[in-house]
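Residue numbering begins at 1 within each chain, and the chains themselves are lettered A, B and C in the order written.
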Amino acid sequence: MAALVLFTMKKVKCSGMMLICLLFIFTKTEAQNNILVFQSDFGLKDGAVSAMKGVAMGVSADLKLFDITHEIPAYNIWEAAYRLVQTAPYWPSGTVFVSVCDPGVGTDRKSVVLLTKTGHYFVTPDNGTLTLIAEQLGIQEVREIDEVKNRRQNSNESYTFHGRDVYAFTGARLASKTITYDQVGAKLPHQVVSIAYQKPSFEKGMAKGTIPILDIQYGNVWTDIDKKVFNQLHLKIGDTIKVQVFNGKDKVYEGAVKYVNTFGEVPEGVDVGYFNSLLNFSLGINMGDFSEKYKVYSGNTWSIILSKK
Amino acid sequence: MAALVLFTMKKVKCSGMMLICLLFIFTKTEAQNNILVFQSDFGLKDGAVSAMKGVAMGVSADLKLFDITHEIPAYNIWEAAYRLVQTAPYWPSGTVFVSVCDPGVGTDRKSVVLLTKTGHYFVTPDNGTLTLIAEQLGIQEVREIDEVKNRRQNSNESYTFHGRDVYAFTGARLASKTITYDQVGAKLPHQVVSIAYQKPSFEKGMAKGTIPILDIQYGNVWTDIDKKVFNQLHLKIGDTIKVQVFNGKDKVYEGAVKYVNTFGEVPEGVDVGYFNSLLNFSLGINMGDFSEKYKVYSGNTWSIILSKK
Amino acid sequence: MAALVLFTMKKVKCSGMMLICLLFIFTKTEAQNNILVFQSDFGLKDGAVSAMKGVAMGVSADLKLFDITHEIPAYNIWEAAYRLVQTAPYWPSGTVFVSVCDPGVGTDRKSVVLLTKTGHYFVTPDNGTLTLIAEQLGIQEVREIDEVKNRRQNSNESYTFHGRDVYAFTGARLASKTITYDQVGAKLPHQVVSIAYQKPSFEKGMAKGTIPILDIQYGNVWTDIDKKVFNQLHLKIGDTIKVQVFNGKDKVYEGAVKYVNTFGEVPEGVDVGYFNSLLNFSLGINMGDFSEKYKVYSGNTWSIILSKK
């Protein structure tokens, strides 16, 4: 329908109406697209995820349901936040995400839907899960879920599964246009609950960052040092980088790695530094496991310093 | 189409035809809806689940395929039975479920399709998997799969993968209305093979139950004590409950927990009793793992007694 | 549309045009069907698989997305090859598969799309992943992905995630008919990179084979001995088979198993030999774990000899 609107707009003389034209175009990027993507810390061994999807299909059988992951470690809000930025930007504008990592279920943390400037929707407890995505995609609007209107029928006796009774239900209604974004509930200030974290910086010839997460399947170590910070080292592909990794004040690793585009540029077993698929600096071993070999892990006590050799 | 039928019915004078009207309305709840939901003990590490889904898509590309879980522990029919009641009621009427936990594949256990009073279909070996769902949703009809008509072409040389060759194939044909429910095969008596289990009871001021399953991801302990039994204790939110847990005759845990609606009502690390998302009494620790801490597990040797402190 | 073409063809006098008729019929089996099936060694704990699916849905929201498995052990191309033959033949002709087990990402291994004689498409690095499927389904055509045309916009700075930027993107465009098979890129010779492996054989009264993989969920041992080789032993159901298993030159297991159609033919705990769902000879224990009990595993150092008792 958005397409139709645009088509009609083309026929209209847009001279003085340019602003309205643009408005319509912008509206287009917000239109929900029937795609609903789930993330949680429920695991896949029981039926919790399936119960959420059943509720969604009960709202509308036209929905297309997908997943980010359900293997977020229990209660790990930071990792939930990270998985959203790792994936959401690759989904089309108009996609609705439901993220349920909710250690405070039943307490007074707010249930919200964030609409980003890119037209993605995030249905979640506002407990820090939105920290990174709000920053990266920009806050267009935040609304609090009205749990009187947007709650599964006859679910009031259950206090511990808002994922099924509130978030999946509301996400499905929004994604299927059963309700408009306005009907989610009242508008909140343009902000979300954020987890404090150290940003990467460059000082005295050193790029400094943290290790927010591991590339667990392969044992690569992903830092938060982006190209803007890294480039101040003035290194080029093939150069050697001096690396120091700390856990708190303890130096866990000190070494030199080759700066490469991809692992295949070095023999098997050789340490490398490279930019990962999110364009952040990372450490790896060709066909090996950097994390396991050097006992380097992730989390808010871990930091890294890069300098020229 | 069911909707259309109902619409037409409204025009008909229903005076003497009330019974037929009701019949039509009831028929509606049985109409398959193109949704096919799989459960198995196959795991996700190999291609078995995918082979089943490929067979289903070969039957009809209009089907919408979903999963409960494929991480049922190998041969654990009881857990398969439990996952069905945990999830099926949240899926729309008309959904077809295929459950393959089939230690007796190739033996003379019957292959059946259960239609419940709620209009859900369950395609499965009749080996106890239907114990709980038949009880909770009610048996409308049971049919035995006619494996001459309802078996994948050229699959007769394979004796060990009825999940792919019979159940997924039949489930897909039923869900997509390629066959009617009658065409599944001959009608059987209104009963399914049931695993014997102890039901919760109240006697001498004590609520007695079992521990059918753990909420594994979080370490919560789920009992089968429902509100009807629990309420005879006359406890209210905030009260203290005396809890005893036994494995066989051994007392594994004795303690007192606070009766709460949700974990956030107590500080981290505190033991609680609460009603889970299936409205059964459960034990947990706010941000902790009750099962691991107290070595309380699940299965048919485990029982629990609740009383007033 | 293929159906329409065929319908029209029937009206045409096919006398001299028989060849063209056949050509049209053949074309039909190649028509993509909007089904896109993913396999990788990414695991499901992070967002990599979801990022690929987001890219695909951005190409066309009409696609139906499925999975084989994402639990291929990291870099294990052989297992990736095996999972394709275990599953692809059960999916309808016209299905597009994206397989990303890509230890050489960013090196000069070719990115290809194989079209088999059965009308299935395989989008993958040509690193051995196609070894078994090319042999089993036959090579109709191989094309190299033109990464100038078939690469996600603005993805050129990322060198390490071709799964997202090239394979998922190209697979989605092909499956949705956004591009034709010809538009994938230039035609290559009718061959794929193949991993060398020993084929089963029969000599001096013995059936000899290898153990390419385990049926991990249940601990069954799957060999590559098919019925053609096995039948030269002239055994019938109920007979006893002498089995020797070697790891390199070490004999790991020697015993006798009963030849059965299915596990239920023997009591619990008894060893059996049977044909698995891919019709290859396999070893198992009714309700037990053959691999764990006898320390028999899989891989290219493992071999097996069967003979008459």
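Annotations for the structure displayed:
Just so it is clear, a residue touches a chain if its C-beta (ideal position, glycine included) is under 8 Å from a C-beta of that chain, and two chains touch if they have at least 3 such contacts.
No experiment lies behind these values; they were computed from the predicted model shown.
Counting every residue number used by either copy at the subunit B-subunit C contact, under half are found in both chains. To fit its Cα atoms onto subunit C, subunit A must turn through 120 degrees, a value rounded to the nearest 5. Taking each chain's centre as the average of its CA atoms, subunit B and subunit C sit 33 Å apart.
The multi-chain contact residues of subunit A, meaning those touching 2 or more other chains, are 44.
Across the interface of their complex, subunit C is touched by residues 41-48, 50-55, 57-58, 61, 65, 74-75, 103-107, 157-161, 164 of subunit B. Listed in rising order, the residues of subunit C touching subunit B in the complex are 33-35, 37, 44, 64, 66-71, 83, 86-88, 90-92, 95, 213, 215-218, 227, 261-265, 274-277, 279, 287.
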